[in-house]
Amino acid sequence: MSTSDYLNNAWYAAAWSSEVGRALLERTILEQPVLLYRKEDGAPVAIGNRCAHRFAPLGMGKLIGDTVQCRYHGLRYDGTGRCVLNPHADGMIPPRMAVPSYTLAEKHGLIWLWMGDPHKADADTIPDFSCHTDPALAFVGGVIEMKANYQLITDNLLDLAHGEFVHEGVLSSEAITRSRLQTIEQGTTIYSNRWMPSGEAIPAFAMIFDGHRPGQPVDQWAYMRWDAPAHMLLDVGITAVGQSRGEGAWIYGTDILTPKDTCSTYYFWGITRGYKIDDPAAGMLWREVIKQAFEGQDQVIIEAQQRMLGAQSLEQAGPVMFASDAAAQRARKRLAELVRKDAVPAPQNPDLSALRQRGAQSRSPILPAV
Amino acid sequence: MSTSDYLNNAWYAAAWSSEVGRALLERTILEQPVLLYRKEDGAPVAIGNRCAHRFAPLGMGKLIGDTVQCRYHGLRYDGTGRCVLNPHADGMIPPRMAVPSYTLAEKHGLIWLWMGDPHKADADTIPDFSCHTDPALAFVGGVIEMKANYQLITDNLLDLAHGEFVHEGVLSSEAITRSRLQTIEQGTTIYSNRWMPSGEAIPAFAMIFDGHRPGQPVDQWAYMRWDAPAHMLLDVGITAVGQSRGEGAWIYGTDILTPKDTCSTYYFWGITRGYKIDDPAAGMLWREVIKQAFEGQDQVIIEAQQRMLGAQSLEQAGPVMFASDAAAQRARKRLAELVRKDAVPAPQNPDLSALRQRGAQSRSPILPAV
Amino acid sequence: MSTSDYLNNAWYAAAWSSEVGRALLERTILEQPVLLYRKEDGAPVAIGNRCAHRFAPLGMGKLIGDTVQCRYHGLRYDGTGRCVLNPHADGMIPPRMAVPSYTLAEKHGLIWLWMGDPHKADADTIPDFSCHTDPALAFVGGVIEMKANYQLITDNLLDLAHGEFVHEGVLSSEAITRSRLQTIEQGTTIYSNRWMPSGEAIPAFAMIFDGHRPGQPVDQWAYMRWDAPAHMLLDVGITAVGQSRGEGAWIYGTDILTPKDTCSTYYFWGITRGYKIDDPAAGMLWREVIKQAFEGQDQVIIEAQQRMLGAQSLEQAGPVMFASDAAAQRARKRLAELVRKDAVPAPQNPDLSALRQRGAQSRSPILPAV
């Protein structure tokens, strides 16, 4: 699989819902120029960002009602991508005067685009990130652009044992390194899980676990759910040794990757918490952790890795793998299969909320499918 | 026609006469490195800018009399491109020690280069820009480098109806947009004309037309003459409704484009006026208008258009056209034909001064060929 | 010979000995990523800088004892390039988990790498730069990165007659330009020598020759020794007309070039002097001269030359040569032969110290082989 082979029939996050409004937002998704905005009734729109006339970026233009007016010659396009006004002379509009219109769904606080066959688009196959909008929980999130192929970032996320080395003092713990990676596949969903009983507390989690005393061993878990092409949700937390998860502290970590092109990626991150849900400072703290860990540490090493690879894919460079790469390798294999077959991912989508209830009672790892 | 197919047998503006003197001026014309300077008698010289010995740019060297001394090893070249001094040891000069010499003409305040077959070079086929040096008129001009293929800039200029959208508040008017584009071909000359009776005044022209009262409709015209490969002269002005052009205010706008390479262009612009010819402030005003409109507005949109096209030519990207693109499309077609046939453009070159006299009396559009 | 054909079976300077210690040093040698450091016992190590696991640069990691720990997943490599620790789970190390290890020699104050067949590596074929570490002499040196193919820099050094034009006021003298270049080949060693009797003093040498009176003619010499691929030592000095060299002032100039890639080069420069060997100010003076002449002048012209050539090699661009290019052309020819035959250079390596003794007595040019 070459880096320019994308999975076409899949949902890609284009923006957080909160990023899209009455200002024009330009994004590049799978190398396609995309323009996002909301109509006056609030409905989101995603159309091609390259005017059909002379290819000026429509994002340099302006919104007039529900239409976008190109800054170059004033052609106006509606939310379906059709040109609806030619202000010049006789005002004739050639039938081909249109830009692409993308199938779109707004769900879980994100705008999702479908770049493939529109007849195959089914919003029910968007992986479950309902935690983002669950009123019982509190959410912070953002987007980072990384100069690296999205699969290199997936690799990073499906093996959190990089924490001890990349995230020293923030997300590091010898307990992660020592733990075993358990990989489970269900449909096209892959779980990459680490259960870390009685070990060194991860600093960022020690910080949010009120019951924690420095030096005291703790039980910790990090269960990562992956769906194709690169949509991940991490259930991660800390509790006193032998206590139920509900008595500890936990968060959901969201990591959704959208390829801009073969070597740059939009990284939509989120942190959903069930504690201090009315305290903005608790959210700010996570923003700081993410800034330090993702931008200051992961991004630096992943972009360096990409520079070392140059135009080669990871596979072409012939990596040597070991046990803790199992989940990342399975995800690469699963994705390559889907691409080869031009197939549609089938996320398992267990009920997140029910899973959370069951998990809170548990003293041992609870996996979605168990 | 690919973007790297240039018209070889044609005159290209290399510099304004005033730019070339006893300092070395480096330019890149059709991807060729060119060095320009004047000899002690004032005669302009254009030779290759790459020393034949080890390819250092001669422009880093210095003028000694009528010769250029290379900064690297001190070889001296004369205005014909021949090496005339080797300062080393026996001073032998191999016969091949020479750089190209370009056929050149100084006319209408510009230095023109002929990059093709020197036997086909005829300075009479340089389009008439005699207005630049007409003592009855006043001229200001300059050169802008744009990161865009020169034909994208031609497209821009052959349809001034972009004014309302790109140049809002400066060169905009609903009258331009509403008017019809009239396209006339004579030889390899193309006219792209708009007669705009009784409409909204273009702000920059309202400013120079003393008789204008805000809100009052006016007669306006914009007649653009194009010659291959990309030499344009605009006759543009404003007058009271039903009055002769001579009673209004008008200028010539010069737009001469020289490809540096496939996606960068020297844009030689000029404004020639027949009013306040002794008042430098009138010229400064136009410099400001051009800076704001060409650099601040056209350049931004055209360079964005080039980025959207990437390595594609406009044709390869499959643009959808309408009525007001007729002149731009004809110019592209005419130029492609000339390139394919390796032919020499034959500008119609009507007498500008006579045309101006006739035009001043006229109450209606007067076209060169009428 | 294309610019990407390197001589594989040859020693390349990777760093000055003083640059390599207990901090990780990243270099790119013949397009290979290399990591340099010293073990606790001081022995230098050169291994591949791209982790075999996921290709992160090892240079972002840290030294732990004699091993390098990758910053990404904590794999540790020893000085032979083998992975010796996998901190994850069962700690299994796949047999292929290793990075390249480069044959290395530390000699004459430099770390030399052999990128070719290790069985052909013989440290006796490293050209003699023993002056760097001779206790009777004083040395200053450094490294400059130039954005130019290394052979363009060799060309520059094998014809010092560029001095009058490139180094005006520093290393210029009409005496250099007038002198004849004598080229001698011995084995794969080439000498490019200029004997400059009774001529204008080179400013930088007038400065260090106490007996010099401004305007007075002097005897000067500049004998450059070249060994493949690009290792040069210059014996250069000044003395009163007709006096022995020993009564004048002289230095060794070191110019060792290591290709980073086809158009960038590490330039290891050095100045070794036999006068004021305990006076650091004498060394500082040379640092200043080199900064001004090499970085301020040579680098500017050579990088401009490279930009003019673009992706072309000098040969592909068809240069016109004359007498003073003889040594540079021979060196290019000799190197191309060695590359074509995949052969090993055989430097003549005369005894530098003995040569220096004989030279000091001489009133005329003394060449190594005479």
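Letters A, B and C mark the chains as written, and numbering starts fresh at 1 in each.
Keep this in mind: a contact is a pair of C-beta atoms (placed from the backbone, for glycine too) under 8 Å apart; a residue touches a chain by one contact, two chains touch by 3 or more.
All values derive from a computational prediction rather than experimental measurement.
Rotation angle relating chain A to chain B: 120°, from a CA superposition, given to the nearest 5. Counting the residue numbers used at the interface between chain A and chain C, under half appear in both copies, so the two copies meet with largely different residues. The geometric centre of chain A is 50 Å away from that of chain C, both derived from CA atoms.
Chain C has no residue in contact with two or more other chains. Of all residues in chain A, only 152, 155, 159, 161-162, 164-166, 177-181, 300-301, 304-305, 307-309, 314, 317, 319-325 touch chain C in the complex they form. Against chain C, the residues of chain B that register as touching in their complex are 33, 49-50, 52-57, 60-61, 69-74, 86-90, 92-94, 96-97.
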